[in-house]
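The next block holds one structure in the form of structure tokens; read it before the comments.
Just so it is clear, A, B, C and D label the chains in written order, and each chain counts residues from 1 on its own.
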Amino acid sequence: MRLDRAPSLSAAPALVPGLSLQTRYSQVRAASEAISAALSDEDCQLQSMPDASPIKWHLAHTSWFFETFVLVPNLPGYACFDPAFAVLFNSYYVGVGDRHPRPERGMLSRPSRSEIIAYRHHVDAATAQLIAADASACRELIELGLHHEQQHQELMRMDILHAFSRNPTAPACDPAWQAPPRVAPDRRWHTVAAGLYRIGHDNPEQAGEGFAFDNETPAHRIWLEDYRIADRLVNAGAYQDFIADGGYSRPELWLSDGWATAISEGWNAPLYWQRGDGAWTIFSPAGPRPIDPDEAVMHVSYYEADAFARWAGARLPTEAEWEVAAPRFAQGFGVGWQWTHSAYNAYPGFRPATGAVGEYNGKFMINQLVLRGSSWATPPGHARATYRNFFPPAARWMMSAIRLADQA
Amino acid sequence: MRLDRAPSLSAAPALVPGLSLQTRYSQVRAASEAISAALSDEDCQLQSMPDASPIKWHLAHTSWFFETFVLVPNLPGYACFDPAFAVLFNSYYVGVGDRHPRPERGMLSRPSRSEIIAYRHHVDAATAQLIAADASACRELIELGLHHEQQHQELMRMDILHAFSRNPTAPACDPAWQAPPRVAPDRRWHTVAAGLYRIGHDNPEQAGEGFAFDNETPAHRIWLEDYRIADRLVNAGAYQDFIADGGYSRPELWLSDGWATAISEGWNAPLYWQRGDGAWTIFSPAGPRPIDPDEAVMHVSYYEADAFARWAGARLPTEAEWEVAAPRFAQGFGVGWQWTHSAYNAYPGFRPATGAVGEYNGKFMINQLVLRGSSWATPPGHARATYRNFFPPAARWMMSAIRLADQA
Amino acid sequence: MRLDRAPSLSAAPALVPGLSLQTRYSQVRAASEAISAALSDEDCQLQSMPDASPIKWHLAHTSWFFETFVLVPNLPGYACFDPAFAVLFNSYYVGVGDRHPRPERGMLSRPSRSEIIAYRHHVDAATAQLIAADASACRELIELGLHHEQQHQELMRMDILHAFSRNPTAPACDPAWQAPPRVAPDRRWHTVAAGLYRIGHDNPEQAGEGFAFDNETPAHRIWLEDYRIADRLVNAGAYQDFIADGGYSRPELWLSDGWATAISEGWNAPLYWQRGDGAWTIFSPAGPRPIDPDEAVMHVSYYEADAFARWAGARLPTEAEWEVAAPRFAQGFGVGWQWTHSAYNAYPGFRPATGAVGEYNGKFMINQLVLRGSSWATPPGHARATYRNFFPPAARWMMSAIRLADQA
Amino acid sequence: MRLDRAPSLSAAPALVPGLSLQTRYSQVRAASEAISAALSDEDCQLQSMPDASPIKWHLAHTSWFFETFVLVPNLPGYACFDPAFAVLFNSYYVGVGDRHPRPERGMLSRPSRSEIIAYRHHVDAATAQLIAADASACRELIELGLHHEQQHQELMRMDILHAFSRNPTAPACDPAWQAPPRVAPDRRWHTVAAGLYRIGHDNPEQAGEGFAFDNETPAHRIWLEDYRIADRLVNAGAYQDFIADGGYSRPELWLSDGWATAISEGWNAPLYWQRGDGAWTIFSPAGPRPIDPDEAVMHVSYYEADAFARWAGARLPTEAEWEVAAPRFAQGFGVGWQWTHSAYNAYPGFRPATGAVGEYNGKFMINQLVLRGSSWATPPGHARATYRNFFPPAARWMMSAIRLADQA
């Protein structure tokens, strides 16, 4: 597994195992602030839909995570920055207490962004103190907090792009943004023979294994039949052919729920695509730009990915099929998350972590599909072969792409 | 696999392989009319929610299925009973043409129930003519039509019960109905060793294999880790303990979507359960009756089944775990459908049938969970070990029950 | 005030003052059953929207009204037909007790229509007994019950037409129905001089005054400026000119809420109008038929009537302007109810009746507009110059027509 | 008519007729910016519901009004600040072109607040140039623009209070805010004799009449019966008695739509009221504070005002009754807008202004009730006896109060 390119917005290098915990902590925390550096206070206030959050909320919530799960239980004498934040910036941990309702996050003009930055620095200082005292004691929780923060860094990029897309003046949230690498059109099928394979992550507490979320564990055997899987992503040109061939007006290509969604939402192209005078443009972090037929198609729902695959005479891979083959491909990571055919569910023998942190993943194992790989917006060092991202089938505001598979 | 009891409402015996196609056809068709025999025209008009259909609509749609897929293409000179029915009674086959909107089915006071019965007999006569001419030619399509009709027989029982539950006078839709057998409380765990197992149904066209829907195919290998599975269903007494222990007020027991649904729908017990003066009653086909602690709990959503399992320190089985072990248990069939942990999805190598009949199953493979077994309302001869029933996780109006499993 | 024609559906003659109370009671009650005579049990079960009720519910509710307000308080020893009906058939009288939710009325397949007819006859027998004992004692309440039942007779005609309009086979609910008289196109303006006028009804308890609902009282003075008012209704031809002139696509003609409603509901013609091959048809009680340009336009919302008037360079009359002038015109009554510009509100000095009957009118005096006159569906003898009908501005399923007015 | 107190937020003195147009223009425009002076950029971004707008939107829209209706048609060579603003800041004038959807106003982080302030100053400079060239030419449109801006000043105070009320930390949007004068509890009835009265405003173009909106014209005669009207507003203590007497749980006190709204919205007190430990607090511009029984009750819907009046054995006044009597009372103005019993409708002979400005009032004359007087948030010089404010019956976020009336 490797990441082929660094996202443009963040200066943070990958989490190099050799770095000290403090150094890594500082780098990840700085990356969050870097993402928001070019945004105004007004930009950071926007919440464009209940699924998205204001940038300032992300900045606060990631700090709340360290305060709640690392500092309060472990740093004697730690003084909370503001007791009200315990409720305001709790996302969904019912084991910890009340939560401000998610759709209301955009109503919090107070605390101001600058107070939230002060909150971050307060938490950073205390964490530094804790690490200095005994780095090994809370290493695991701090690692969890850092990976959590990296997830929010990608969410920040998704959310601000969505918010800006609602502005008729089409502003750029990251004018220097560069599109990810192009997808050469000459797709090749990679064939995998039937057999018993091993997927998932070993217990992350074992030495030398590196970090993994609980939903990637335990590693386990799975039987796969013969299959083939494309060595690269579907590109925009192929997707335009799908559109031109009536892809959005032929119900026989769609799942029943997908067709109903496409009709009710008025879908006729991926999110952020617009057709003007015959040419397609996409709304990107750098603003609207022409679509390159060789770029990977992104911002498609599972329903669209599935319909495209059916139109192409193929199907989407299962997450196991992906994990066995795709990490070795040139574009397995770093461009777009790849929809799989697999419902997000517990691995055999899965046990969530004890305590409120156990709510991190397990309680979302319903009504979602797994996406694999990573995207241009994923922080360096965050992706891995066993990583399980997940979204509901109608979601489109993440950087979701399509990789085809089929029976061999 | 065996069915332990005959449902009370239907006089139809099981589909015995030795019977002639015409005899089996006549038996199944008669069973549908038998289910509705005790209902008034007004009862047969009710549609209590978009997911349910009027009894008269079921009677017409199952005839439309034969007319559309069997008679029109295969019986030369066949005259449609009424051309308008092609739209009125098409359920969801877009390949066949327009459809009357599902939530509007209850608005069709015309055609009358007696016209629909005449329609049935018109179709029956033409099918008899076709079978007499060449029984083997359309055998597969007629078999599909009969299994389709049997599915609707269970839906009729579900839908009329739901409709009657909305009537404050609590009428009985089947006064002679008898509750399914009780569940002895001394549950035993059955352990299965890890290994490669074979599930699913062989190609139904092969001789001697009997009927299966396309979604049960192809048979394929699957690796299972060690697990254990309960030899009987969860009974109402255990579920009452769950309620008494705060099961409906402890979010940590629930999936996140499940908790949100329980709150928004005001759930505090299974559907049709009511507590009065300390005692629980259930609304049954025979009207309200006291709940027996030893009866199987039914009419629970996936969310409730999952929360109960978590409360009980266990989990739900996957559909493969179920298929490998449960068909041999005394209560594998005939009481209640058993929620599995498995999202409803295509088996490896699944190919839907060609033509509009291919819409039968494949396009619903999203946002649903598989249930296995069968219920008291399933017609005799309709269930089998490989059968895959499916419903969205919030549905409760079917006869859904709970079987527990866990790692061994 | 006079009624120019008898509605086609009802054989009941007008309420002639000289008739005995018992005779009038019998005539009105029989008229309700006559309306439903040609309908099947399935037809009588339909509820096509929350604002409408099943025919059988109307038949029951009007009996409930006599049972609750006349028989129970006044007939010693009266035995209620079925205690459950007290809740099932209470429309909106909170002072009387619980009510079955309005949108659920269509779910009551039980009691059956025949039980409801038996209920009617039970009530009729008891009322006859009461009248025979002392006709004068309950005369006022019985009169109220009869006028209430006549209102429901018009609602029955509205509701069954609406229900049948949802059936793609376009059945006729009253095959013998005859359209009301045509509107000659040569409209003339009738001018009224400014002055102090008297409108409303004198206390209905006074001898010789005849019946009136409480909302028509007290009679009172009102100042009117010079105005003119059309002597006939707007016909379909004029309304077609409005459509052809872009009436449904020019927001400047519409009230803001009206425009929003027209857009969200997709209105482009009156309810029940359809354009096919250039010709307009209307769905009528006798089924679909061509629109005659000289028939009165009906089934328009207030928003459409108001937009039409603005397009025509006029306005709608106030209810006082209507009452002062329109009762003397040939088509003041018996064709279609005429939207006025007046919000439905209490007259100066209005006091609702005491007790639950006081809920009859007063609590609806918000968010509605007054319509004056009567329609082809209004029972003979029910209309009068002071009558105040009322509906929300978006309602269209009643027989609502347009009369223009303007400053003189 | 007089204004008894100056609102705390604005330094602007009343519009004194003797001042020059330029001076008045400058004062009004400065007052808008003064209201927002203490608010952060993030505060100014909030839109808490579709009916409310962000503060920065108000600042821009009021400038758009001058640009669109005054500068573009009348100042030769005027260069629009930004052509995109024509759509972004058009509120509802379809005659002028497209509009950004109202519920999306809170999504406009760009243009920034500082750009909007620059836009204001650009418009101010051009208007000064126009006034200097020929003050009389556009006097009427400029006057309209100034009164329009004053309306938005009150909306700004309503909207920011509503937005801040959604923040659990309960911030103060105007810490220096002072409550309006108390209402002495010894209410007296003022009796008015029946007769023909004159209400409304003479043509505003006539010399010496002062400004009025078109909806106040023409002045006209109206007949009133004997009535009495309270000389002061209902205070919080009386309203607390209503609550204590079950006001929110007795449907017989409520209009039917009002009761349905109260149930669905969970109302049990006026907006911004909260009960804690037996004592009531209200969320005010200065933050939460105890309720003084002698303060006027405010933030009640029409439904609540109407229910309170019924409970008190009285009713609300009509707008004519109010206009004839209330302007002379000590608290006719400057505390809270007073709900009347009158639907908002056109006066006899009303003609909207020609052109797009004609959309200002007329198209909203449906589904709203008239409120009279003014509130603490109304800018000095903006109120008058003939002024007609209007809101839907369920609205509560404006400063709405209750004055009782009754038949004499």
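Everything that follows uses one rule, which is that a residue touches a chain if its C-beta (ideal position, glycine included) is under 8 Å from a C-beta of that chain, and two chains touch if they have at least 3 such contacts.
Keep in mind that this is a model prediction, so the values were computed, not measured.
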If you apply the touch rule, which chains end up adjacent to both subunit A and subunit D? none
Measuring between Cα centroids, which chain is at the maximum distance from subunit A? C
Taking the mean of the C-alpha atoms as each chain's centre, how many Å separate subunit B from subunit C? 46
Roughly how many whole angstrom separate the Cα centroids of subunit A and subunit B? 38
Take the average of all CA coordinates in subunit A, do the same for subunit C, and state the distance between these two points in whole angstrom. 59
Specify, in ascending order, the residues of subunit B that touch 2 or more different other chains. none
Contacts from subunit B onto subunit C in the complex sit at residues 40-46, 48, 56, 84, 87-88, 100, 104, 106-113, 163-164, 166-169, 171
Within the complex, subunit B is touched by subunit A residues 92, 94-95, 196, 220-225, 227, 251-252, 254-259, 302-303, 306, 315, 341-343, 345-346, 348-349, 359, 363-367, 393, 407
